[in-house]
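The following blocks contain the structures, represented as structure tokens.
Across the two complexes that follow, subunit A remains constant while its partner is subunit B and subsequently subunit C.
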Partner chain A sequence: MTLLEFARGPMLHFALLVFVFGVIWRLVSVALLGFRKHYSEERNSNDKALMVGTATCGLRSWPHKEFIGRTAFGEAVGYGYHIGLFTIVLLGAPHVIFWQNLFGFSAPWWPTLPGGLITVVSVLTVVLMLIATIRRAMHPPLRQISNFDDYFTLAILYAIMLSGLWAVLGGPGRYEFILAAHIISFNLLLIWFPFGKLMHAFYIFPARFVNGYLHAKKGAAT
Partner chain B sequence: MSTTATQAFAGAGAAEDNRTAEQRVEGAMSAFARGFGATVAMNMESCIHCGMCADACHFYIATEEAKYTPIWKAEMFKRAFRRESGAFAPFFKILGLKKKVTLEDLEEWQELLFDSCNLCGRCSLICPMGLEVAELIEIGRRGMYEAGLAPKELVDRAAQQAETGVPEAVEKPYADLLKEIGEKHGVDIVLDKGKADIMVCAPRSDLNRNPSSVAAMVKVLNKLGANYTFRSDAIVAENYGYYAGSNGLQKTIAKRVVDQAKKVGASLVLVPECGHAYYSLRWQAAELMGETLPFKVRHVTEYFAEQVAAGKLKLNKVDGLPTAFHDPCQLVRKGGVMDAPRTLMSELGVNLKEMYNHQGYSFCCAGGGGMNDIERSRPLRLKAQEMKLREVDDTGAKRFLTSCSDCRVAFDDAGEHFNWDKKTESLVELVADNIKE
Partner chain C sequence: MSKLKQGKDRPTIGQVMDEAGVGRRQFMKYCAGMTALMAMPPMATTAFARQLRAARLPSVIYMPFQECTGCLESLTRSFAPSLENLIFDTVSLDYNHTLQAAAGVAAEEARYQAMEENFGEYILIVDGAISTNDNGIHGMSDGHTFLEQLYEAAEGAAAIVAVGVCAAYGGVAAAKPNPTGAVGVADLIKDKPIINVPGCPPIPEVMTGTLVSFLASGVPDLDRHLRPKAFFGNTIHDRCYRRRFYDRGLFAKSFDDEGARNGWCLYELGCRGPTTYNACATIKWNGGAGWPIESGHGCIGCSEPGFWDQGGFYEPVTAKLFSERGQSVAAAAAGVAVGAAAGLAAKSRKKKLAGETE
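For the complex of A and B:
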């Protein structure tokens, strides 16, 4: 079995197992704690709270005007590289083929972007990630609260991005080896996913919703 | 932080605490875990370490010291959660990715949880994940109390209030003080009536420092012909158990108010101008009791605004003096009393000059959450307050109003320190002074 076969085969399957069961367990372990019954007289109806909670899922992506002066740069960088990553993963032709092969379906309607554009997006994404990393190391509150999870997750992302660019741009080394490195780093991401901060992908909307909902019950600011 | 420094923060009987360090940490973590449901756990699990909460915190903005980053204040409890009870606790424990929390760690965190947080909740509005950061800090305080590490000032007051109903040693009972206020200001104060529709409380700080505010509230109630009473056993509105982080004391203190309200058959408990008193009674008392309360809880401005809307309270227009209004965070941002103060000011024809950060996004007075009572926190408090006073000045206002006695105490202290040219006035007093006859 070659390294590439290993990365695409048993390692990927193992990584997917860890990812799926890990994510489910982490979500279930929180849900098992249960949601508390509230006894205080509510200011707003359940329907209104549901609406506000749902709206908070989207509205929290854009900072309130009172905060934007202090957070605009950080948010632009953060959202910027997330948009870049999603664009590459969901609209890059090799990735679309990968998803279709992995899940065993054919979707001719799935749009893709030209390879050159994806490469440009990839370079921009790496630049934004670099800015985010430097900021994490330099900005005092960020430096204070950062831990192993933050840097390890970034390291895996760099490995994926740089190996992908290396393969596309035809850097030195055998293509199969570089591609294997790309897939292995992706597998590592899947394995690390349930344990660290990457779980925010699953928590972001429930967390926004629940807090928007609870605040709305009180008539508090959201 | 040195041992000497941490000893200065000696908490809830820390000196005579006979438990081992391990038992005290265990106590802290158990109390912290008791505060858990899925909502809190989700808050713990979702943080992406973006640091944006720092940009909402007046203490960080005023000092630019990273340790005041709000989520960092909950770090010890976040760490313990991931290590001891999170979904993958054994993994973090075995690999040593999360260090065990020690008593020394908790001692170091006293300052962050009590001396540099008003539980104002502004950080909860900036978080891109939507986390309720302030709630984590509040639950952290509960853990600290159980470890014997809550500030003595707050614990002593809470314990005394739970036992006697009064959070301080007093020369004369508050009931006598109320009677004196009535006599001095020429208002009839109804006390210990057997049955009443409304039970009213008063802020300790107003009884002592701003008695005219208490008289003003009563004057309006009398004018409305309200069937109300104060109760000698439950005069004080504040709940020092909330400040100190003690679930037990907070419940005992709240129960005193609840029991008295039930006894007089009140359908409404009126909370005076005090933000934390409002939040703890309006949103936490029923949760602590585990039952729906048989009465409504309203802030005095809410009640007066309702009377204005019903046409029962008519007010004269005041002068056109440019006026700024400070939104108390527990009342407005966290408590949901968004419109009532502005309804009253509109009825009064107040020439309102809004601060840039107002209503739900207002900066805290920096004295709430017990910080007014912690003397050693004053230098930090003043730094945040200087920023707030500047924001008020930037509106060009000549009058400064609020609807919280704790905020007034904080602003009065800062105003004196900075020789500020404004006095912080009570909105309720402005209402009482301008009732249309």
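For the complex of A and C:
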């Protein structure tokens, strides 16, 4: 078995199983935690609280005007590389084929972007990731709340991005090794995903919703 | 079969060319083509020509094992007679039981005689995989297993050229479940220079070009799969004329859609170009008339080890190699169970702590 066969065969298989198992585990365990009993009088109806909870999902996605001067740069960089990552993963032709094959369906309607454009987006994404990493290391509060989890996740992301670019741009080395390195780093991401802060991808909107909902119940501004 | 001559009694390639009426200009043109093909600098052409002219025609023993004769068909049915063919035709092909007139004992005797007279000097060309299971009894001729014949013939060989993916890596005979334990030459012979010229079949010009290169300058630069880098240094994808469509994200989705008619990239239809090293895109087939991708079919990766077991020919390179989705459902169910247990345990602990506080 070659390295590439291993990467996209048994290792990918194992990584996917770990990913599915871990994500469901984390979601179910959090969902079953329940809420703390609250003693205050309900300030808003349940319907209103549901609406506020839903609205909070969107409102939290934009910097608060009071802090915009201080947070806009960080948020712009964060948005930038997230959009970049999603564009590459969802609109890059080899990735689209991978998803279709993985989930076992054919979707000729699924659009893809030209390879050159994806390459440009990838380079920009890596640059934004670098800025985000440097900022994380330099910004005192960010540095305080960062730990191994953050830097390990970033390291895996760099490995994925750089090996992908390397493969596309035809860097030194044999294509199948570079492709194997790309897939192996993606497999590592899948394995690591449920156990680190990457779970924010699943938690972010439910957490915002619950936050908004509970605050509305208590009559607090969100 | 040519009359057997030993070592320095054999004519040089230059003498054979002169006898055949090949002009200097034609010969130099050929050498310039060969050096260009092997990515040698133009200055090397003269030295290459000089070495090639001075090289003595070697004795060649061509041993067919678990094979389909496709490689030999490819070699002998290459397009219009060329200098490569002339060189191949004029080498002393002392044994090839498909081409030679002699048969049975006479043919085998010719082989033994050639091996004895040219011990340590002949080139052994192997075509086909070698069965190793049950002491190799799944492949035999003349009462001997291919395994025995290979070891015997390899002993006195100056170098071994494994033509075709079967001789190089086992090929179709080694495809899962590989009932005969088929392997390639390099899996068995460790003490001789081995040059693999894989393909199913290999490009004729690559086979003859490798031979010529060996005659002129010995064993060429090889990659990690023992293939001459001159011919197997680039992927099909890198040299493919459809590469621009890949770069623009334009793919044929089926073999009869608009994309296919427009000649777009066949990547989504399973083309193995990105992981296949061969010269099809540059040398092409049938005298440069075309090659598989030009004919509308993706590359099947026939010059790569284990290509029969790389998944379906119509599955894209990035596709996964498994299909057991049931296990994902089991993983999800396990996740629910463990998550529920963890959640309920945490809830109960929280309740207990709340009780203690109150």
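The rule is short, and it goes like this: the second predicted complex is superposed on the first by the 218 of 222 C-alpha atoms of A that agree within 3 Å, B and C clash if a C-alpha of one lies under 4 Å from a C-alpha of the other, contacts with A are read in each partner's own complex, and residues count from 1 in each chain.
One rule holds for everything that comes next: a residue touches a chain if its C-beta (ideal position, glycine included) is under 8 Å from a C-beta of that chain, and two chains touch if they have at least 3 such contacts.
What you see is a predicted model; the values in this text were computed from it and never measured.
Of the two partner chains placed by superposition, only subunit C is touched by A:Gly116; subunit B is not.
Looking at the superposed arrangement, the partner reaching more residues of subunit A, out of subunit B and subunit C, is B. With both structures placed on the common chain, the touch criterion links A:Leu4 to subunit C but leaves subunit B unconnected. When both complexes are overlaid on chain A, the residue A:Gly34 reaches subunit B and subunit C alike.
Of the two partner chains, neither subunit B nor subunit C is touched by A:Lys48.
In the superposed pair of complexes, A:Arg26 makes contact with subunit B and with subunit C alike.
Shared contact residues of subunit A, touching subunit B in one structure and subunit C in the other: 22, 25-26, 29-34. Residues of subunit A touching subunit C in their complex: 2, 4-5, 8-10, 12-13, 16-18, 20-34, 37, 93-95, 97-98, 101-102, 104, 108, 112-118, 170, 175-176, 179. Of all residues in subunit A, those touching subunit B in their complex are 22, 25-26, 29-36, 38-41, 43, 56, 60-61, 63-64, 66-67, 70-71, 74-75, 78, 139-150, 194-195, 197, 199-200, 203-204, 206-212, 214, 218-222.
Interface of subunit C with subunit A (complex): residues 235, 237-238, 246-249, 251, 253, 267-268, 274-275, 305-306, 310, 315-325, 327-328, 331-332, 334-336, 338-340, 342-344, 346-347, 350, 354.
Remark: subunit B residues 36-39, 41-43, 45-52, 54-56, 60-61, 64-67, 69, 71-72, 75, 86-88, 91, 97, 121, 124-132, 282-287, 289-293, 296-297, 332-338, 356-357, 359-361 touch subunit A in the complex.
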